[in-house]
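Consider the two complexes below, in which chain A is the common component and chain B and chain C are the respective partners.
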Partner chain A sequence: MSDHGVTLTDLPLEGERVEVSKFSKVIKIAGLIGAVTLAISLAILFLGSGRLRESFSYSWLFACYYFFTIALGGLFWVLLHHVSNSGWGIAVRRVMEHLANMLPFSFIFFIPILILTEPREALYEWMKLLHTNPDDVLLKGKAPYLTMGFFFFRFAAYAISLCGMAWLMRHWSLSQDRTGDVKYTFLARRFSAGFVPVFAVCCTFMAFDLLMGLDYAWFSTMWGVYIFAGSALSSMAMIILTVTFLRSKGSLNKVVSIEHYHIMGKLMFAFTVFWAYISFSQFFLYWYAKITEETKFYILRNTEGWHYVSLLLVFGHFVIPFVFLLRQQAKKDMRQICAACCWVLFVHLIDIYWIIIPERGPSITEGDKLMIPYGILIDALAFIAVGSCMIWIFLRSIGKYSIYPSRDPRLLESTRLVN
Partner chain B sequence: MNTLKRVHGYIAEFETARDVYHAAEKVRDAGFKDWDVHSPFPIHGLDSAMGLKKSQLSWFVFIGGAIGTVTAFSLQFVTQVLIYPTLVQDKPTNIGTLPAFFPVMFELTVLFSAFTALFGSMILNKLPRWNHPLFASDQFERFSDDAFFLCIEARDPQFSKDETLKMLKDIGGKSIELIEDDI
Partner chain C sequence: MADAQTSEPIRPVLAREPLVTNGRSMSWVTNKICGIVENRQPALWWYLFIPSVILMGVLGYCLAYLVVTGVGVWGNNHPVGWGWAITNFVFWIGIGHAGTLISAILFLTRQKWRTSVNRAAEAMTLFAVICAGIFPAIHVGRFWMVWFLAPVPNANGIWQNFKSPLLWDVFAVSTYFTVSVIFWYVGLIPDLATLRDRAKKGIRKLAYGFFALGWRGANRHWRHYEMAYLLLAALSTPLVLSVHSVVSFDFATSIVPGWHTTIFPPYFVAGAIFGGFAMVLTLMIPARKIYGLQDLITHKHIDNMAKIILLTGTIVGYAYIMELFISWYGGNKYEQAAFENRQFGYYKWAYWAMFFCNVISPQVFWFKYCRHNLWVVMAVCMCVNAGMWFERFVIIVTSIAQDFLPGAWDFYHPTRIEIWTFVGTFGLFLGLFLLFLRFFPVIAMSEIKGVLPESDPHYLPPETFTHDAEGEKLSHKGLKKTAKKTAKKTAKKTAKKATKKATKKATKKAAKKKKN
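Moving on, here comes the complex of A and B:
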C-alpha cells in the first residue's frame, strides 16, 4: 500500500533528536584517527621542508577539495530544494542543511596551504613567477586577476558567501522548528532564488582559482560546471548514505520511506549523466580543436599510468553507474542504492585525484619526473586526516537539532510521498 | 427490428479522486482482473491501489536505446573507418577516433528510445483504434472533464450482472450504467 498512514499526531512538534550516543564509538574512533593524522599532516605542512612538504601540499589540496565539493553539493541541494519550491525532500532537508554547514570547516582546512609561502608556491606556479619572473607574457596578460591581493580577497569572498548562505538556510529552518511560523518557508524560497547565482559564481571561480590555477597557462570555460556536476552527484550520494546510516540507528524511520530513496536515486542518476555530458564536452572540444595550449591538460593525463586512470573515469564514473542505476529496482532497493552511493563517492575521489595529482610530479621536479614515488602514501594520509575530522564534526553536528524540519508546513506531504 | 448487442461492462461514477481511489482498492481486493479507472488527471498511487504491476515498457525502451547506440556506432565505424577511411584534422582512422562518434551515438540512442517508448506504449495499449465501447455511454464524456469513472468489464471471470452491480453500489458508485456495444 502506498499510503503508509502517517498523520500529524505521529510527528511531534519538537521533531526527533538523533541519539548521538548510539554511534559515539564511530565518533570517538574518527576523532582519534583524525587527531593523530591531522597532527602529522600539520607537522609536515608547517615544519617540513623540501620536496616532501611541496608534495604534501598537493595531497592536502586533494583531500580538502574532495570534502569541500561534497559540502558544496549539500548547499546546492538545499538551495535547489527551496528555489524549486519542492515538497518531496522536506523529510531529508535537514541532512542536506547539516552537510552544507560543513562548508566553514572545509574552508578552514584550506588555510595552511594558502597562508604558507612554500606550499602555495609549490601548488600555484604563478605565485612564484610573480617575484621570480614578473615579465612572463602569459602572467602579464592575466595580471589583474592573478595577483596575491585579489586572490586572497576572492578566497575570502567565497568563504563568506558560501558559509553565510549555508548558515542562513539552516538558521531559517531551525527558527521555523521553534516558532512554526510559515514566513520562514517564504523567506528561504525568496532568498534562495537570489542565492543560486551567487552560489554558481562562487562554485565556478573557486574551481578556477584552486584547481585550474594549478597550471596558470591552461584554461577551460567548462571547468566550473564540471566541478559542480561532480560535487552535486557525490553530495547526493553522501546524503543517501547519511540518511541510511541514521535510519539504521533508528532515526528518520517515520518520515523517510523508500519513495525518497527512489527520488534521490533518480537525481543521482541524472547527475551521473550530467557529469558525463559536461566532462565529455570539455574533452571533445579540446580533442577536436587540437590547440597546443588547450590539449596539455589531457596530454598530461594520458601519459603513462595516468592513461588508465582516465579510462577508469570513463567507465567508472559514467558507464557503470549509468547502467546500474538505469533499473527502477536499483533505486528502490536500499542495499543496491547504497552500494551505488559508495561507488559514486569512490569514483568522485578518483576524479578529484586525477584533476590535482598529475600536476604534482612535473611541477615539483620541473618536468623531470611524472610521479613522486611515495606520493600515494601522503595522499592517503591527507585524505584520512581531513576525512576523519570531517566525519567527527559532521556526526556531532547531527545530534544538535531535530533531524527533520519538524514544523515545516509541508512535512506531511513529504512523508506521504508517492512517485 | 432486433439488433444484437454485446455487454461491455459496468461503469460507475465517483465524485472525487479520493472516492475512486478507495473504490479501486476494494475492486482490487475483490479479485477483479479486467477493469480500469478513468480520470481527468493522473492520481498518484492509483497504480498500487489498482494492484497494477510495473509496466514492461522500460525493457522495450532499453533494447530500443541499445539498438540505437549500436546502429550509430556501426554506421560511422563502417563508413569512416572500414570502407572509406576519412582523414579529418589529423585524427586517427581507427577505433581511436571513437570520441567523434559519440554525439551521433548519443542522439540515435535518444531517438530510438523515444520511438520505442511511443510505439511500444501504443502497442501495449492496443492503439490506435477506431472506437471504444465506452464511447456508447453519454455520461462517459465527462471522464475528461470533472468525473471519475470505474469500469468493470464483462470479460472478467468474476463478472456477474447482479452481483457486480451490487458491489459497485456498495463501494459508493453513482449513476451506474451497463454499457452495451453494437456488434
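Moving on, here comes the complex of A and C:
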C-alpha cells in the first residue's frame, strides 16, 4: 500500500525522453557484434553450401523465431491492455509498444531462409517433396494448404497484419502524446477488440507454418496456443527487464513503482502456469493415446540427449519459476524479479530450441544422426547475430519518443497504482 | 493546476464508471439486500417456486423409476453408451464454472465489478454441480453400488483403475464442490452476521447467529477473514481450470475420432466459462428486475459479462475451427469421417444448432446497443444455454454413434424418462436458487460497500476528471447544476409520494371511522 502522491503537475506534458547517450556504449557494442556476426551468418546462408548451410538454416530459424515470439508477445500485451480498458500499465505501455514494433524487423530476418531454395527445403521437407515426389499421399491430401504460393501468401499476410497492428497501436498512442485527445484511447480500444481475433489467427497459423511444418506429417490442435503461451510469458519478462534497465538509467522513475512490478510479476507467474498447463495437456493427451503419427514429436525429443532437455523444460520452465514466483516478496523485490525474468527468457530459449533443433539431425542426415556435432556453435552464432541486431534496433528506437504515454487519460490512475 | 484555467483541457483524465449507481449509501445497500430476506417474497417467487418443486418431484419419480426398473428405460444402446446422461453431466458441470471464475480469478485480478454478482454466481455453481453429480451416479447402472467410485477398501480387494480419467473426475468434481462450498460460506460470514444483528425473532436470530460463527466485525476478524479469502481464491483458481480439463480428458485420452484432440482441455474450460456466464445472466437479469437491484447490478456489469461471453464464445469458435482444420490437415481418414458425419450426417441439425448458438449468436455483442438491450442479452444467453448443451451432445453422440465399424453403427434417441430427468434437474436447479434468494443475502453486502467511492482511501475528487467513462467531456459547473436539479426533482418526487401516502392513510382512516 503506497500512494506515491504523484500528481499530473509532477509529470511534464511532453513526457520524458530517455537519454540514449547514457547507454550509447551498449548500443555501439551490440551494433558491432551484430554487424560482424550478421555478416558471417549471411555469408553462410547465401554463399555456403552443403550440410553447413542446411544446418545453419535451422539455427537461423531458431534465432529468428525466438525474437519473433518476444515481439509478438509485446503486441499481445498492448492489445490486451487496450481491449480490457486497463489503467495499471499505462506507465509501461510505451515499452510494450516499442517491443511490438520490433515485429517488422523480426519478419525481415526470416526472409533469407524463405527465399533461398536450399535452406528452405532443408527446413521444410514438404517443399522438397513438391518436386521430388509430388504423388506423396499425405502431401496430396494437404495440397491446397501446403503449396508454395499459398505459403508465401500466408507469410505476407501475417507480416502485414501483425506489423500493421503494432504500428497503428503505437501511432495512436503517439498521436495522443501530441494532441492529448481522448478519442485515441477509444479508437485504440475499439480497434484492438477487432484485432485480437486477427492476432490469434496469425499467431496460430504462423506457428503451424514455420514450426509445425518442420515435420509436415505431425499435427496438434493445441500448437498455436502453446506458442502463444510462451510468447506472452517471455515478452512480459522482457518488458520487466527493459523497464528495470531504463530505471537504472534514470528514466521512468516518477511513473513506475514497485506496484507495477508486483502486477507484472503476477502476470508472469500466471503465464508460467498457463504454459505448463498447455504443454502438459498436449504432451499428456498424445502420451496417453499412443498413436504413432502423433507421438513421433515427443519420441524424438525424449531420445538420448534430448531427453535431458525435455526434463530441463519441465523443471526449468515450470517448477522453478512457479515456486520462485509464488512468494509476494519475489515479485516486489527488483533483484529477485529480474533474476526470474532472465531465467524465464533463458528457458523460453530452450523451449524454442527444443521445438526446432531436434528436427535438424534426422532431417539433414536422413535419419542417420540425431545431432550435428558443431550444431551448438552455429546456433549460438545465429542467436548472437539476430539478438544483437535486435538489441541495437530496440535501444535506438526507445529514445525517439517519450518513454511513457504522457497525455494518456489514465496516466494518473497508473501512477497512483495500488495493488 | 494551470491547465484547468484554459477552456480546452490539454491533459485529459478519464473517469471510471461507478460500480454502484445513483450514489447509494452503505445503509441503503444493507437495507436493500437484507430486505429481500426479511420481507415477504413477491408473488412471482411463488409462481416460479411451485413449478420448480413439481419438476423436482418429476425428477425424483424418474430417478426412482430408473433405479427400480434398470437403465433399459433409457435410449442408450450398444455404440452409444453415454447418451444424454453424460451430456447432461458435462452441461451442468460447465454451468458451474462461472461462479468460481468470478469469485476466484476476478478476485485475484482485482476486478472489482465482481462484487455485485459473485455471491449469486457461486451459489449457482453449487447448485449446478449438485445437478451434475446426479448423472454419473445414476449412469453407473446399479445406483446402490455407487460407492465403488470412491477408493475405499472393500472385501473383494477391488480397486479403481487409477489410470482412468473417469476416476480423476470423481476426485476433481468432489474437490471442486468442497472448495466452492467453503469459499462461498467464508464469503457469507460477515453478511450472515449482519442478518443476525437485524433479526428480531428467535429462530431466525438463532440460525443466522449459528452460521455467522460469532462474527463481530473486529479488526482481527477482518484481517484473518481477508487472508483466508485470498488464500481460498488462490486455491480455487487452479480448480477452475482443472475440473473441466479433467472432464475433457474423459474424452480426449481415448482414441475415438472427434474426441482425441489436444485442444480439448482449454477449449472445454473456455466453453464452461462461456456457458456459466450465460446462466449467470439468465438468472440475474430477472432477479435484478424483480428485486429492484438495478443500482447494484448495473448496465456496466451486464456489459462486462456480455463481453466475456463474446470472448469465450469466440475462443470456442476458434477451437471448433482448429478441430476442423487439423482433422483435415492431419490426414487421418477416421478423424475426417467423424467430422464429416458431424456436419453432414444424421446429427447435422445438432452440429449446426451448436455452431449457430455458440459462435454466431454471441457476435452481436460486438455492438454496444446489443449489450445494453436486456432483451437481446437474454436472447443470446438462451441461445448459449442451448448451444452449450448441443455441444456436449454433438461431441458425445456423433462420435460414438458412428465409430470405427460401420456394422456397429446405431442411431440414438432419448426416451421420455431421459428427457424428463433432464427437465427435472432444471426444477432442482431453479428451486435451490429460489431458496437461496429467500434465505441468503443475494449480493455480498460487505464487499459492495468496499467498492463504494467513500471507502476508497485513494479517492480522487470528481473535479480531477475531465472526461467521463464514455469519453464525454465533463463540465464541472454543469455537473453541479444538474446534480442540484436532480436533487430537487427527487425531493419533489419523495414529497409527492409522502403526500400521496398521507392522503391514502387519511382516506383509509376516514373509511374505517365511517364503518365504525
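Keep in mind that, in the parts below, the second predicted complex is superposed on the first by the 418 of 419 C-alpha atoms of A that agree within 3 Å, B and C clash if a C-alpha of one lies under 4 Å from a C-alpha of the other, contacts with A are read in each partner's own complex, and residues count from 1 in each chain.
FYI, a contact is a pair of C-beta atoms (placed from the backbone, for glycine too) under 8 Å apart; a residue touches a chain by one contact, two chains touch by 3 or more.
Just so we're clear, the structure is a prediction, and the values are computed from it rather than from any experiment.
Student: Using the overlay on chain A, decide if chain B and chain C clash or can fit next to each other.
Tutor: Clash - chain B and chain C, as placed by superposing on chain A, overlap.
Student: Looking at A:418, would you say it contacts chain B, chain C, both, or neither? Reply first, second, both or neither.
Tutor: Touch partners of A:418: chain B and chain C.
Student: Once chain A of both complexes is superposed, is A:314 in touch with chain B (first), chain C (second), both, or neither?
Tutor: A:314: touches no partner chain.
Student: Determine, under the contact definition given at the top, whether A:116 touches first (chain B), second (chain C), both, or neither.
Tutor: Neither partner.
Student: Decide which partner touches more residues of chain A, taking chain B and chain C as the two options.
Tutor: Looking at chain B versus chain C, the one contacting more residues of chain A is C.
Student: Contacts for A:288 in the overlay, against chain B (first) and chain C (second): which applies, first, second, both or neither?
Tutor: A:288 sits against chain B and chain C alike.
Student: Considering only touches as defined above, state whether A:328 meets chain B (first), chain C (second), both or neither.
Tutor: In the superposed model, A:328 contacts chain B only, not chain C.
Student: First (chain B), second (chain C), both or neither: which does A:200 touch?
Tutor: After superposition on chain A, A:200 lies in contact with chain C alone.
Student: Quick one: classify A:185 as touching chain B (first), chain C (second), both or neither.
Tutor: Only chain C; A:185 stays clear of chain B.
Student: Which parts of chain A are touched by chain B and by chain C alike?
Tutor: Correct list for chain A: 3, 284, 288, 418-419.
Student: Mind pulling up the chain A residues that touch chain B in the complex?
Tutor: Going through chain A, the ones touching chain B are 1-3, 280, 283-284, 287-288, 290, 326-328, 418-419.
Student: For a test of understanding, state which residues of chain A touch chain C in their complex under the given definition.
Tutor: By the definition above, chain A touches chain C via 3, 8-9, 13, 87, 138, 141-142, 145, 180-183, 185-186, 193, 197, 200, 204, 217, 219-225, 266, 273, 277-278, 281-282, 284-286, 288-289, 291, 293, 407, 409-413, 416, 418-419.
Student: For the complex, give me every residue of chain B touching chain A.
Tutor: 44-45, 48-49, 54, 58, 62, 89-91, 99-100, 102-103
Student: Which stretch or stretches of chain C touch chain A in the complex?
Tutor: 1-2, 9-14, 16, 108, 110, 238, 241, 245, 249, 252-255, 260-266, 314, 318-319, 322-323, 326, 329-332, 366, 457-458, 460, 464, 466-467, 471
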